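What follows are several structures.
After this come two complexes, each holding chain A, first together with chain B and then together with chain C.
The block that comes next holds the complex of A and B.
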């Protein structure tokens, strides 16, 4: 195999590989997928209610519920990502918020936001260290 | 002497070192530990979905009330008949995220709806336009077929830019009353600008109502018997309500 001179293109590929490697490690050290679904559920509630912030601040619970509950779900998702230590707590609270969204935010954004929140929150809650495969094979 | 340049540089290198140490730690953790969603998640997921299903049945069997509020989306609302007690309406501008739209603000102190169908459209990236169709009460097909399945709403406000229907029974109506003097029985918060056109009625029964609405705001609560929610690809019309 001949070694090619390190062109700009090769440098780009190397940078991309490094970024992918970083992302893989990032993904594996926190409840990534659960947090993603929980956060998307919160964003869905916010976009579907489509309430201007002025009305939300001026109105009562009816107007601000989407911001409180959708925003809460988004905040818990970010907490799960950047402080995985609290994943059990925020996952469970995320599920409770998703259930509350059904009664107070447009039927949970026509169910979609609530379902995403329940699935994502449960995944965040159940995130943790798995039994290594080896041990399992030994036990069997 | 205060060595600012050196201090800044050392803080910068410290931060870089810390960051790279954190990154190395993350890499090490990713390689040595097997972390992931454990099987116990399924239990909570099932419990959560079951709780959601229970709430759904409670709402559709009239035990629980829900909140419904939106201001920017244009909804289509269809109903076979609406009987409103103490209604008031006036014209003003509805606030939206991108400017304002002139709408008729109509409020009912108490409203009975015979069949309700709400169609909301949403553009989703990657999926195109999808419509969400929510039906409650009896089927919306133009005639009242099952009066026992009526939907009762307290303090219902609709901001609408197009209303179509036939007035069936209207009593004690005043047209052209100054909008700042409107009252829905004891409720006096639903008022417009002084001198603006206002409408007030003690009883308003409207058949076959089709409305284009910019907002449904429920200050009270609503019960929704036979609740059904489904997602239809593309743009849904009134025929989607019964199919």
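The block that comes next holds the complex of A and C.
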């Protein structure tokens, strides 16, 4: 077993803490969890479409609905993350897509995809920027 | 971290436009040629008029140019199908397709009582993909007392075997040669070793009228794959 020098371990810990701080800032400045559920709903629909993209594009709406709706939910989830200022519009569109999935894509991915999309889209729609945390010293 | 408003606006606009474009280009779908409005030209002018063998009827199908390949690969001297009679009805048929184009030099042939024992694959050449149907046991496209009319290309062929033909060895006959061989093909029962037919249109019918429970097409335990 090899042991890292103390300076190396300290650097690793610092990098890890920096990554955690970055992720926390990322998460707190956008509708992270709503986008995550909405995106997972889209991925779920795409997974259970079980159809090649060539076949989907060669056919009509019935074949391609999973790609359009599932892909749309995934796209709006990413849009919610990277354009949080428009979260209300993106969340509303995500909910509409999740509802459309119920009638178009295998009962909304056997309900699970639609439910994830509705919950996620609603969370994105209702998201608002958080108040900055008070500093501990200030609170004391 | 989230970029400026302008960039976010562009991103949202792009997402909305992408969704609109995707839903627009995929909602058209394809209608069945026989049901799509105006699919066979004004007043159905592009339908073909086809006579069945023996005056059994007249058909006016709307043909979508889809090719159906009936393939039974030869394997030594093994026999894979039975046909009572092979008839050449018309030697030079011209079919008109739904888009107004035509195809000439097709052959109209009829199989009487066509039964497949094994080894058959039906491949439908669709636009951009093929649908393959492969029964893993005996299949019927016709059956006893049923005629199977086929409009095929001239280079299609059947490989048949009969005790009066080369001592029962499998012999291949191109559909182009059916006219010359009609005296032979029409008069005997055949066991077949293989075939490869490129079919433009097929009609299966019982000249004496249908009977309940006797289904002219049976594809048991069929593996259907999209390629």
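In this text, the second predicted complex is superposed on the first by the 122 of 140 C-alpha atoms of A that agree within 3 Å, B and C clash if a C-alpha of one lies under 4 Å from a C-alpha of the other, contacts with A are read in each partner's own complex, and residues count from 1 in each chain.
The rule is simple: a residue touches a chain if its C-beta (ideal position, glycine included) is under 8 Å from a C-beta of that chain, and two chains touch if they have at least 3 such contacts.
As the structure is a prediction and not an experimental result, all values here were calculated from the model.
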Quiz prompt | Clash-or-fit label for the pair chain B, chain C on chain A | solution = clash
Quiz item: For A:68, is the partner it touches chain B (first), chain C (second), both, or none of the two (neither)?
Solution: second
Quiz item: Does the superposition put A:48 against chain B (first), chain C (second), both, or neither?
Solution: first
Exercise. Could you figure out whether chain B or chain C reaches more residues of chain A?
Key: B
Exercise. Check the residue A:23 against both partner chains and state whether it touches chain B (first), chain C (second), both, or neither.
Key: neither
Practice problem: Enumerate the residues of chain A that count as touching chain B in its complex and touching chain C in the other. | Solution: 25-26, 29-30, 54-55, 60-62, 65
Exercise. Please name which positions on chain A make contact with chain C in the complex.
Key: 25-26, 29-30, 54-62, 64-65, 67-68, 71-72, 75-76, 79, 82-86, 89-90, 93, 97
Practice problem: Spell out the residues on chain B that touch chain A in their complex, using ranges where they run on. | Solution: 23, 26-27, 29-31, 33-45, 48-49, 51-52, 55-56, 59, 64-73, 95-97, 120, 122, 132, 134, 217-219, 229, 231
Self-check item: chain C residues within the chain A interface of the complex
Solution: 1-3, 5, 7-9, 11-12, 15-16, 18-19, 22-23, 26-30, 126-129, 226
Exercise. Name, in rising order, each residue of chain A that touches chain B in their complex.
Key: 21-22, 24-26, 28-31, 33-34, 47-52, 54-55, 60-63, 65-66, 91-92, 95, 98-99, 102-108, 110-111, 114-115, 118-119, 121-123, 125-133
